[in-house]
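Given below, in the form of structure tokens, are the structures.
Okay, so subunit A shows up in both of these, paired with subunit B first and subunit C after.
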Partner chain A sequence: MSRAALLVLADGRFPAGGHAHSGGAEQAVKAGRITGAASLEDFCRGRLHTTGLVAASLAAAAALGVDAVALDEAADARTPSPALRVAARKLGRQLMRAARATWPSAELDDLARRFPKGAHQPVVLGVAARAAGLGAVDAAHCAAYESVSGPASATVRLLSLDPFEATAVLARLAPESDRVADRAVEAARRVVDGGIDELPAGSAPLLEIGAEVHAAWAVRLFAS
Partner chain B sequence: MTVAAGVRALARIVARDDGRGGTSLPVLEGDGPLALRRTRGSGAEARVVLVGAMSGPLGGDHFTVEADVEAGARLRVGSAAATIALPGQSKSEARYDVRLTVADGGELHWLPEQLISARGSDLYVTTRVDVGAAGRLVLREEQVLGRVGEEPGRLSSRIRVGVAGRVVLDQELACGPGAPGGWDGPAGLGGHRAVGQLVVVRPEFAEAPVAARVLGENAAVVPLAGPAALVSAVAADALRLRRQLDEALAALESLD
Partner chain C sequence: MHLDHSHDGPSAVSADAHRPDGSRRALRIGLGGPVGSGKTATVAALCRALRDELSLAVVTNDIYTREDAEFLLREAVLPPERITAVETGACPHTAIRDDISANLEAVEDLEDEVGPLDLILVESGGDNLTATFSKGLVDAQIFVIDVAGGDDIPRKGGPGVTTADLLVVNKTDLAPYVGSDLARMAADAKAQRAELPVVFQSLRSEPGVRDVADWVRAQLAAWTA
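Then we have the complex of A and B:
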């Protein structure tokens, strides 16, 4: 494996469209639940341990070669908000386009054919990691980190939060992100033997409800 | 020192079409703290109330409730009072497992009272429902963190609903001391002390899914990826939560 390939995949400038999504931060800011660095950190921590762990587990399982259709179905069952399912597929399609151009692979082509409207983003991420010669651990770290980096950079724009403070939030969450990635890889390995129900299913009530509140707005800065 | 083993209890219900337009209950049995009573039903529907004969579950206890609704049968299950998870002498976690099946053409309304997580308790609840392709389900789940003014215990709950062999909902919620960080933060409960869900499965939703809509800032009705709808809500307390879920259910039932 190439360590630099992981940096390419995890780079915020990798053209996969993530910058257009706030991971629920836009609605939480408007509702007054995120008001600064401390509440951003608490928001990100909650996201990391719920949907972040689920995304990291899906990505790790996909990177291990678990059937992507079954993983995509499991992602649907773990994403009750239709606004979030649509966002995850849109992000999956955009990541697919970038990944196929970057690391051409038959597996990516096959996944793109099966899901013309996009598979859930973490599933695409896992298959892209495989195509890049990366492993389950890399895919899990990437997904776990993305689950917090998106809301953090969105909050810089939404609240004019000092970017140094937002980055410090991410740095403080780094040890927890590592633990979530480890748990995700363990879960993904259990999926290989024990089946898809072994995937974690952590949910965050206000993320789910907030996503629908956000989708009903006439004007928004971020797509989700 | 001897460690008191927790209580293991099982309650089982089988609901069957009696062939005369009603529903019979060939199996209706509960032991220990789980007692079942048949009450007057209406029309084709049989009604059962789960009566807690003791307090619990306490640490180390393991309760299981199973209901099988057979083809053409209609069953409504409620409970006489809220279930309170309490700390026990045993330091280990308590478990409460609910296993429900609804066959094609069967209908189950599973509407228990709240589950209250008292300070110092540690409970893991699992709810697993399998509904046949033409089965119908209304399931309510409400969790209240702490009695009035009380810190909650540790409460984890996982719900998994399958329809015609496909899982349409799989969610786990962990709250209270020792739960992963951020559970009460702006992504999790945001200080709310009651959280609940309603799952509605109907074959008609395959063709005509419900439209997603929000009910204020703290509740939403959404179509799941399958013939099912979910209402999710958080509220300051059990009463407000129930009001929100009742309103959402009435709105869904007015679609009939």
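Then we have the complex of A and C:
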């Protein structure tokens, strides 16, 4: 694996559409659940261990070469909110475009052909990692980190939160993010032998409900 | 980029001049500029001027509402299926320059769903003087400023004023009321832009958007040549 390729893929400036999404932070701010660095940390920790773990496992399994169609169905089954499914597929489509331009590969072309309107973002992330010469561990780390870095940078804009404080939140969560990535890779390896049901199914009902509420707003800064 | 890649591939990647089926895609023109300078009004006027001779569609990038798209719908300048709004996440210039994927999807979906199209106008959310469109998203860009935003804007320059393929100085009808010196604006623009064209217009009086529409026709003629 190339460590530099991992940095390219994990860079918040990688042009894959993430900047327009808050990972539920916009709704949580409005609802008063995120008011500063401490509550941002709680919010991110909850996300990391629920949807973060699921996303990391999907990404790791895709990076191991597990069938993308089966993984995409598994992602649907683990995403009750229609608004979140739409957001995940939009982001998956955008990542697919960026990854195909960055690391041209037959597998990514094939994925784009099978999912012209986008597969769930973590599934695309795993295939993109393969195309970049990266492994399941890398894909899992990317997905776990993204599950918290998106809300953190959105909160900087939403609350005018001190950017140093937001970054410190991410640093404090790093050890947990590493453990989540490890668990995700173990789960993905079990999928290879034991089938798709070995994927974790941690869920965060408030994120699902919040996403539906947010999607109905007439005025919002972020797409999700 | 990837011109060789696009014909048999599942979908285009970026600025490819051809669609996956090998046909030439629509010309894409971006309209950027400060908040309230008259981008949407110019888009609406262009649609009225060109819709009988061209197959047109519009993408809007609103910052936190769908107002621009809704204005165009209300004014019925085009059928609703030809107008798409992109959500930009608090950062309009990111969506047109640094991370153009959502806008590329919008233009490609329009071509798939209502095409074939000759021309797609992409309006940026109102932003600052440094906001420009990526060449991966549009083929040419118009920067719209107005006389009421201060007649020193052409002198200040910045990437939009200096490098846009066309600079439009809008709302000339307001110049007497805000004390803007149009001759000075023209001289400053000339100094910043050398040979690049500048149009002064008022959408409140004749001939309205005529010069900009003529410029768009010329761009299209060059694109299809």
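Side notes on the structure shown:
Simple rule for what comes next: the second predicted complex is superposed on the first by the 224 of 224 C-alpha atoms of A that agree within 3 Å, B and C clash if a C-alpha of one lies under 4 Å from a C-alpha of the other, contacts with A are read in each partner's own complex, and residues count from 1 in each chain.
Please note the rule applied: contacts are C-beta pairs under 8 Å (C-beta built on N, C-alpha and C of every residue); 3 or more make two chains touch, one makes a residue touch a chain.
Not measured: the values here are computed from a predicted model.
After superposition on the shared chain, subunit A has more residues touched by B, the comparison being subunit B against subunit C. In the superposed pair of complexes, A:Arg157 makes contact with subunit C only, with no contact to subunit B.
Of the two partner chains, subunit C is the only one that A:Ala101 touches; subunit B does not reach it. In the superposition on chain A, contact of A:Ala16 is made with subunit C only, not with subunit B. Once chain A of one complex is fitted onto chain A of the other, the partner contacts of A:Arg113 are limited to subunit C, with no touch recorded for subunit B. Of the two partner chains, subunit C is the only one that A:Val219 touches; subunit B does not reach it. In the superposition on chain A, A:Ala201 makes contact with subunit B only, while subunit C stays out of contact range. Listed in rising order, the residues of subunit B touching subunit A in the complex are 158, 160, 166-174, 180-183, 185-190, 192, 195, 212-214, 217-220, 222-225, 230, 232-234. Residues of subunit C touching subunit A in their complex: 1-2, 5, 9-11, 13-14, 63-66, 87-91, 94-95, 98-102, 104-105. Residues 13, 15-22, 90, 93-94, 97-98, 100-101, 104, 109-110, 112-113, 116, 154, 157-158, 218-223 of subunit A touch subunit C in their complex.
Residues 24, 28, 31, 33-34, 39, 42-50, 53, 73-74, 76-78, 80-83, 85, 176, 197, 199-209, 212-213, 215-216 of subunit A touch subunit B in their complex.
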